[in-house]
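Below you'll find the structure I mean.
Per-chain residue numbering starts at 1, and chain names A, B, C and D are given in the order in which the chains are listed.
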C-alpha cells in the first residue's frame, strides 16, 4: 500500500480549499454560465474580473474569473485557521526554498503566494471579506443553485510525490485511493481532505500539473437535473460533458460541465463524513470500473485527457504511463 | 352504498374542468402570488383582468382573475369534446329549464353560460386560443412551476343530489368517496372525474355551494417544497394554510395555500389513473382519519370551514349536519 | 406534413395499451429484475409464467413473462371500453380479412387475438381480474417503485402505413412526430395515444415490426436515480443501456434498461396531457438532436438498432433507408 | 450580545457528538421504528441492548437502546481526536472536581464517564469498533435511509452557564442563537458545534437538563417524505410529531418523530458549513416566528414542553421563565 501517515502536526493548519482563479475570455459568457445556469451569486465585477460565490457563502468569492489567459487556471486558494498560520506557512515555504510573495487582493485579507514544489500557483489566506449570505433568498435561486465550492481535482505528473507532500507534510488525509495491480502496487489517484468530508484536493495520474475540475456543492440530485434542463433551454447543452451519474469513489452524484473557456466544473452532492478516527482509506483497483461510475456509463475520452494548465508551468508527462482511453 | 351508475351516454361529452374565474382586488398582488411564487405563465393582462396558464398549457388560460368581487368565484369552466357537444349541451340545459346564454370571451371560443341546478355559474366551450407552450422553457421556471390545472373542489349543500346530477346525467365517474357510518350510510364527500385520473370535480358536504379549492398540478414533491421556501422568502408564508402532507384519499402529496383574496389553491401531485373498467370506487369511512391525511396531521379549522362563495348564489346550510371541527 | 386526421368514430374504442407478454429464459432472473430492482408486484407465478403489475394497478397484470422464446415479444394487449367493443372489434378485423381467435387467459376476461395488418400479435379485452392495489403499501416499495405500464414503442418497417391504420382507422391521435427534411417530408417516427397523455404506442422507422421498448411509469426522477443505485448494488449495472436523461420529444425523464432476456424497458416520468382539442401535434426535424435528448448525450448504437422481434413474424427492412448510427 | 469567545485551545479536542444511549421498553418495537422505518442498520443485539448505526457509518453505533428506564436518556457520547485527548479530558474533569470513571463498553474503545457540571451523563472515547459501511448497499435501503447521527438538542435550565462551559472551556463554536429583546438581551437558545456544520449540540431554555431530540442526517427531502409514507403504511403515523418543514435557524428541512418510548428524533437535512473564520453567529429574535419555521406552521405544544430526562438527574426549572405555548 503506497500510503503514508498524514502529518498530525503540520507546520500550518489548512482549513480547506476555498477558491480558484480561472482565465476567461468573455465575462458575460461566464456570467451566463455560472450565475444564470449554475445559480452562483455575483459578488462583484469590474472590466477585468468577476467574483462569484455560492448561495450559502458569507465570504467574498469561491470562483474568480479573470480576463486573459482563457482556459488557464491562475491559482488555487486555501484558507488557514488563523493569521498566525499564515506566518508559519511563510516560514515553512521559505525553509523549503520556495519563493513567497504577499499581497491583499480584492475581497481577501493578507495573502501568501507560492508555487508548490510541482509548480502549481497557490494562495493562502486566513480571511475573505464578509458578504451577505443568500441561503434563504429562495426567490432568487436559479438553475443548479450552487451552495458552495467543495473541492478541486488535478492531474499530477508526479502523483506519489505530490501526495506525499500534501499528506506527509501539510497533513492532508486520504479518504479513497486507486492503485495499480502491480507488485508492489502504485498509486494512481488519491482523494485528500482537510475539512472532514471526501475531499478538498484530489489527484489523478496524468499529464500535469493541470486542473481537472472544480467541484461545486449542490443540495441534491434534483438540482443537478434542473441544471441540465436549464442548460439545455439556454442553448448550453454542449457544456454537459459527462453525467449525471454516481461515482463509486466518494459515492457522489455528479455532473461534469465545461465552462465557456473549457474549464471543467463538477456539480456534486452525496458524499459522506470522514471525521472519525475509525475511518480507513477506501482502496479501489484501477481495473474496477465501479470506481469511475457505479452505474456503468463510460466517460468520454475528453474527461480522461483534457484539463486546464496552471499559469506559468508546463505540464509534464506522468511518471506512470497513462492508459489509452477507449473512445465513447 | 349511496352511489349511482354513471351515465355512459351523457347528453354531451365533457372532457375536463378547464378553468376557473376568480374575483380579485389587486391584480399585481395576484401576479406576485400566481406568477412569481407558483410559477404560472401570464398569457395576458388588462386593467381589469389577468389570464394565467400552466407551463405545459398550449391553451390561453387556466385561471382568470377579474377585479371586483374579491373572494368570490365567478365561474367554473369546462371543455367539451366537439363543437357539436356545445349544441347538445345548450339543448340539454334548455330542456332542463335552465337559462343559457352564449358569448365568446377573450381567449375562448364560443361559450355557453348556465347556472347548474344548484346555482353554480358554469361555462362550457370547445376551444381556447392556442398559445405557446412553455414546458421546456426551463430557464424561466419559478417557484412551484405549476404545469396545469387539475381539478376543482367545492362545498355542496345538497351533496347527494349534486353528485347524482353530475354522475347520473353528465357521466362523471367516481374515484373515491366518503360516507357516514349510519344505516344506510350517507354520502359525505365524492371525487368525480371525466379525464381518467382521480378528479375533475370533488364535492364535500358543507355550507354551499362554495368553492373549496382549485387544484394545480406540479411535477413532484420537490416543487412543492421549493414553493414553500419561495413563499417564505417572499414574505408570503402566511398564505400557507395546510401541508405539505399526503392525503389518504387520492394519494396526493398536497399543499394548501390561500391566494391574496383568500381563494384556496392546492398544489397537487401523485395521484393515479382511473381509466380501466376494473377500477372500483374506493370507499372511506368518515371517521377514518387517514382519508384526510395519511401522516396524521390535523388540518386547521379554516380548511374545513372557509371557502369562496360563487357569484350570485347565497350558500345554503347543508342537508347533512356538519360536524364540529376541533381547533388546531 | 404526412399526418392524417384521426378517425373520431373508430369501429371500436381502445382505452389504452394495457399489457405486454415477453418470452423469458429464467423467471427467477426476471423476478430479480422486475420485482426487486424495478419494484413491480408479482400477482401470480407458475412454472411457466410470471404475472407482474405496477404498484397502483388494481388489475391482474401489466407484464407477463413466459418461459420459452426468450427475447421475443409474444403479444401486445389493449383494453377496450366495453364488452360490446370486443364484438365490434371482431367484426372489424374479420371484415379486414384478418383471422380472429378468442380465449380467456389467466387473469383476463374474454380476449380476442389477431395479427395486425403488419403481423404484430395483438390481444384485445375489456377486463382483467381485480387485485389488491399496493399504491399505499409504502413499506414494501423497492427500487424504481414502478406505478403502472404507460406505453409501448415499436420499430415499423412500413411506418406511414402502420401509422395510417392506427390513426385513420382505430382513432389513435398524434402527440409528436419526426419527419425528414425531404420535399415532401416523410414520417420517420410518431407518438400515438388514446388515453390523453403523450403515448400509448410509438413507432420508429426501422427493421420491423419489432418491439423497441416497454415504457413503465415512475413517480419522479428520484425513483429513477434510486433504481440505478439499486441495479448497481445488485450487480445489474450492465442492464443500464441509456440515461438517465431528458427527451426533447415527450419531455420525459428516461432511463433505458435491458431485462435479463434483452427486452428493453424504459423508466419514464414527466410527460404532459394531450386531452385538449387545442393540442396540435409537435413536429421535430429528423436532424434536430434535441428530439432524442435535450441534454445532448449520444445514445448507444444498440439503442438505435436492437429490439425484440414479435413472435411469428420475420422483421422486414424498412421502406425508408435507416441512417447509419455513429458508435458511442 | 450574551456570547463569549470560544476557547481556541481547549483542554482536549472533541471531534463531534457521536452517539446517544436511550432507555427502551421493547427492543423489537424499537427495531421496527429505527431499522424498518428510519432505515438504520442493526450492528448487534442481545437480550438487553440494541446497537444501531447509519448507512454511511463505519463505526459500531450511533444509537444504543437499552432495556429499562424507558424514556430516559442514559448518556451522550463524544469522540475525541486522539487517545491522548482522553488523558487530557480525564485530567481536566478531575481538576474541575468531577468524578471520572473508565470502562470499555461493547463496540467502543477506552471510555471516560463523567457528569458535566449540570448533571448530564457524558461519555468520551477516541474510537469505536470498525464495521462494514453500507453506504452503497442500495438494495437494502429502507424508509428514511438515515446516513449518520448529526447532533443532539437539549433543554438547559442554566442555559447561559451551560453554553459558557461548552464554548468558553471546551471550545464549542456558535452557529446561530436566539436572544430575548430585553436590555441587555438574554440567551434563549444556542446552536454549538465542533465539526464545522450547524451543530453538534444545541441548547434551549427549559426544564432541564433534558434531551430534546437526537438529530439524524438524511440525504434529502425525498427521504423524509418517504419516511412519512412508510411510517403511515406501518401504522406508525402517530409517531410523527411535527413537520416536515423548514427551520429558519439552520435552514434544515426537518421532521420530528417520537420513538416507541417517546424519545424525540429529528430527520434532518439541508444545513450548511461553518468552517470559515468569516462565519459570524447568526442572531435571531425570540419573537421572530421564522426562526422556528420558515413556512409559518405552529409547532405542537408537546414539541416545546416534552423531553427525555437524563438518567440520574432531576430536571430543574429554568433560570429564564418559559413562555406559555399556545396549543395547536
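Everything below uses one rule, namely that a residue touches a chain if its C-beta (ideal position, glycine included) is under 8 Å from a C-beta of that chain, and two chains touch if they have at least 3 such contacts.
Small disclaimer: the values here were computed from a predicted structure and weren't measured.
*Asks:* Most remote chain relative to subunit B, going by C-alpha centroids?
*Replies:* With centres defined by C-alpha atoms, farthest from subunit B sits A.
*Asks:* Given the two chain pairs A-D and B-D, which is bridged by the higher number of C-beta pairs in contact?
*Replies:* Output for the comparison: A-D.
*Asks:* In whole angstrom, how far does the Cα centroid of subunit C sit from the Cα centroid of subunit D?
*Replies:* Roughly 50 Å separates the two chain centres.
*Asks:* Based only on mean CA positions, could you tell me how far subunit A sits from subunit D in angstrom?
*Replies:* One centre to the other, that is 32 Å.
*Asks:* Just give me the whole-number Å value for how far the CA centre of subunit B lies from that of subunit D.
*Replies:* 44
*Asks:* Specify, in ascending order, the residues of subunit D that touch 2 or more different other chains.
*Replies:* 136, 221-222, 229, 232-233, 294
*Asks:* Which residues of subunit C touch subunit D in their complex?
*Replies:* On the subunit C side, the touching residues are 36-37, 136-141, 143, 222, 226, 229-230, 232-234.
*Asks:* Flag every residue of subunit B that touches subunit C in the complex, lowest number first.
*Replies:* Per the stated touch rule, the residues are 8, 15-16, 18, 56, 58-59, 79, 81-82, 126-130, 135-136, 147-148, 195-196, 219-222, 248, 251, 270, 272-273, 275-280, 294.
*Asks:* Of all residues in subunit C, which touch subunit A in the complex?
*Replies:* The touching residues are 221-222, 225, 228-229, 231-232, 237-238, 240, 244-246, 253, 290, 294-298, 328.
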